[in-house]
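Letters are used for the chains, namely A, B, C and D, taken in the order the chains are written, and counting of residues starts over at 1 for each.
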């Protein structure tokens, strides 16, 4: 692992991936809302190019790209490392953030004549901050540096949840903030114990030095609890529905599609990269069980929501549940392990695109109908066919029907659970798909009727195109070639064994 | 010489601590806010002065000694102001901000 | 030694006692006042842990500035009715069990940390000469883990943007509400006139000596921030409008200079965020000077809150 | 018992106390105080780790201490943002509740949460 301590070719790209949005935040703050929009949208293509370049570099080298900051190797210094999952997630963020940004231009433009307005200032700065925080989360190799990134993510996500400035959004944001702060402080507590045990917070060094100690078990439990609260895994999900459902559509798309994945990504880093040598005492099964609970609970509540945005938010809780099946199904040294690993990660990607698309579609519906009450959607599909096509395609992925990324993910998870004889998870995957079919049907069925509809405003064509594109990406993920899965496995620790006895 | 200085420090700091203790007793035992304030500020100011006086001979060079004196002056300034403000607030019978 | 042990035990009991009192206090205002006292006690614990830099930070930010923030919040929130139902006995019992469990697991984990403990102290010291600094904590903050510190400064200015973002739309660009009452106490005005210049000197001095002794950009900046808040409380000056270009430049100066010099690292020293050999200390002090400025601007802005239209009334 | 062992108990105790208060209190400002108490406990654990890292002539390991300084500043920023949210919520609704569905008088739909 000491070879991982040297800067590799293309390592500087990782620094740029972080500093570009960070510099954007500072410039936007100095210049105000109108400039912030230009900076955010103008830097997005550059971020995309950087993400693609990192991906190419990792693919070509076949191993992680590393940058040692200030030339000072860990443990004293900080190293950035991008492996297969880093690159794929970086690219996902570089696609979804600008999509949400382009969609938001209509609602978050600075009024003519003004240089600055509150909503523009807040939205465009926070959007860039989410890019910055996620970039650090995906490529940093140091647990304390990742703590700073988690806080950056919190301070960006919570203001986005209440950018509309209504009382109920403040209440939702306050609850979100307290859960998020609880999450970060417990994560930090675990990091303190790990430093006390091993004298470093570098992920690669920790993995090398890892041995079972009381402090390590405590740290694992505390950090996991904190990260679960931030990921809104059942039963720590209470904050998510009001925060995601009351935010403006492009903010919801980013919050639901990307932000909760940031803390999930760290949970994966923790268990598969830092702690693989730790006997897990059934931790993986516990996480799988909580995930299963989330699938059932979230889906059932989604079935009962009267409002579309709330339904989508509860569906997020359910779909997050699937992610945690990666812990029982993606760990160990079995023939089925890589199916579980690939399935769990594919679920992250498919859900990110599908959910972002659906929240944007819900926003379009709200703009055109003036409400998002499902019961009053009758006939809307005839006047807004593209929007409902988006909801349908996104729903396809949530249900796990072919062809879609969701299908690929759930198929792989199913295969892993059958091959490993862990039937319970298979039942959960199937049941979740069935329930998802139920709530997607609830959205689409009334809309397909031929009742007359009065639109307040015709749907924005550009907005529809953006949402539909995201949904199509979610579908296209179902056709991911083998090389895509090879990429996901570059740099994956040889002993990715959260449950090894 | 050093024994005399040591003795001076012990006596002065000991007396200072005693006055701090007295001030705290005043804070707890006196019946109303104004007399509590009175007891606390009087005793603590004297206590701090004695502690600083006792510590000055321990300073290795003039600069730390000077810092001790500046510290004492700053605390005097702060506590005098705050006592004044608390007293004013009590007279107006307002909650203290 | 026994004396020190007794003192440590007494201090520990006092800290836990005041913390319990703070948490159990019925009135929010009382709880907040308890919290400020508790912050000062914690600073003493930090001194006992041989962490003077942390003690200064805890006293200035953890106790002082947080105290101003919470006290002014409690006077503005205190009169509102609480609407959420108090927790039932079952919830309280469950919470007590979970908290006790977490505390005991944590205590056990700390006690059974490996002996001898791992340490980066020798390594930090070995690299100290390259930075030209004498204070290893400052070296960690500004040199070894400069990337963390730069990002943390971005977090701070983002928090300011977050605070501003909750402002009512109609007040955007205006000034936050003044600190303190409309007609300040004459004694406070006197204090502000005398103390502010002295405090400003102390703040700058604390940053300057921070290169070699306890102190540094955070602590010095916090003292300057406190002086600005004192002057505002005495109404010698009012909070600035948030649209002010100068204010915004002051806000981002620290992280921006840090980021730019970090980017210049490959040219200066062959790697991002590296400092040129033999010339490290002036570069570090240059960055720190802007950080002091930004911290002195950021902390009061966080306390002041969003613009709310009260200014100038 | 050494100072760092005693501080270990204090740190663990503060985390426990704060966690209890965070769950049980309904007043937002008290929840925020509780969060700060947990934070102090966490920072103390870092402080103990730093003190245990004393080697030879070095009385402490500077790395965890630097992390605490970063942590204190971030915790303050979090508190400030939380206070701003509470004050605005109080202005908009006349009360401060964590329950986004209750007590607001705003039609939210009849969702379960």
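The criterion applied here is as follows: contacts are C-beta pairs under 8 Å (C-beta built on N, C-alpha and C of every residue); 3 or more make two chains touch, one makes a residue touch a chain.
Just so it is clear, the model here is predicted, and its values are computed rather than measured.
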Selected interface, A-D versus A-C, where C-beta contact pairs are more numerous: A-C
Computed distance of Cα centres, subunit C from subunit A, in Å: 31
Centroid distance [mean C-alpha coordinates] between subunit D and subunit A, Å: 25
Centre distance in Å when subunit B and subunit C are each reduced to the mean of their C-alpha atoms: 27
Whole-Å gap separating subunit C and subunit D, where each centre is the average of the chain's CA atoms: 14
Numbers and ranges of subunit C residues touching at least 2 other chains: 102, 106, 110, 113, 117-120, 124, 144-145, 148, 152, 155, 159, 162, 166-168
Per-residue overlap in subunit A, given as positions that touch at least 2 other chains: 76, 144, 148, 151, 155, 158-159, 162, 165, 170, 189, 193, 196, 199
Chains touching one another, given as label pairs in label order: A-C, A-D, B-C, C-D
Contact footprint of subunit A on subunit D as seen in their complex: 15, 22, 28, 31-32, 35, 38-39, 41-42, 45-46, 48-49, 52-53, 61, 63-64, 67, 70-71, 74-75, 77-78, 81-82, 85-86, 88-89, 92-93, 96-101, 104, 106, 108-113
Residue ranges of subunit B in contact with subunit C within the complex: 74, 77-78, 80-81, 84-85, 88, 95, 97
Partner subunit C, residues of subunit A touching it in the complex: 7, 12, 15, 18-19, 22-23, 25-26, 29-30, 32, 67-72, 75-78, 116-119, 121-122, 125-126, 129, 132, 136, 142, 144-145, 148-149, 151-152, 155-156, 158-159, 162-163, 165, 170, 189, 193, 196-200, 213-215, 217-219, 221-222
Residues of subunit D touching subunit C in the complex: 1, 3-21, 23-30, 32-34, 36-37, 40-41, 43-45, 47-56, 58-63, 65-70, 72-81, 83-88, 90-91, 94-99, 102-103
Subunit A to subunit D touching residues, read off their complex: 76, 144, 147-148, 151, 154-155, 158-159, 162, 165-168, 170-175, 177-178, 181-182, 185, 188-189, 192-193, 195-196, 199, 238, 241-242, 246, 301, 304-307, 310, 373
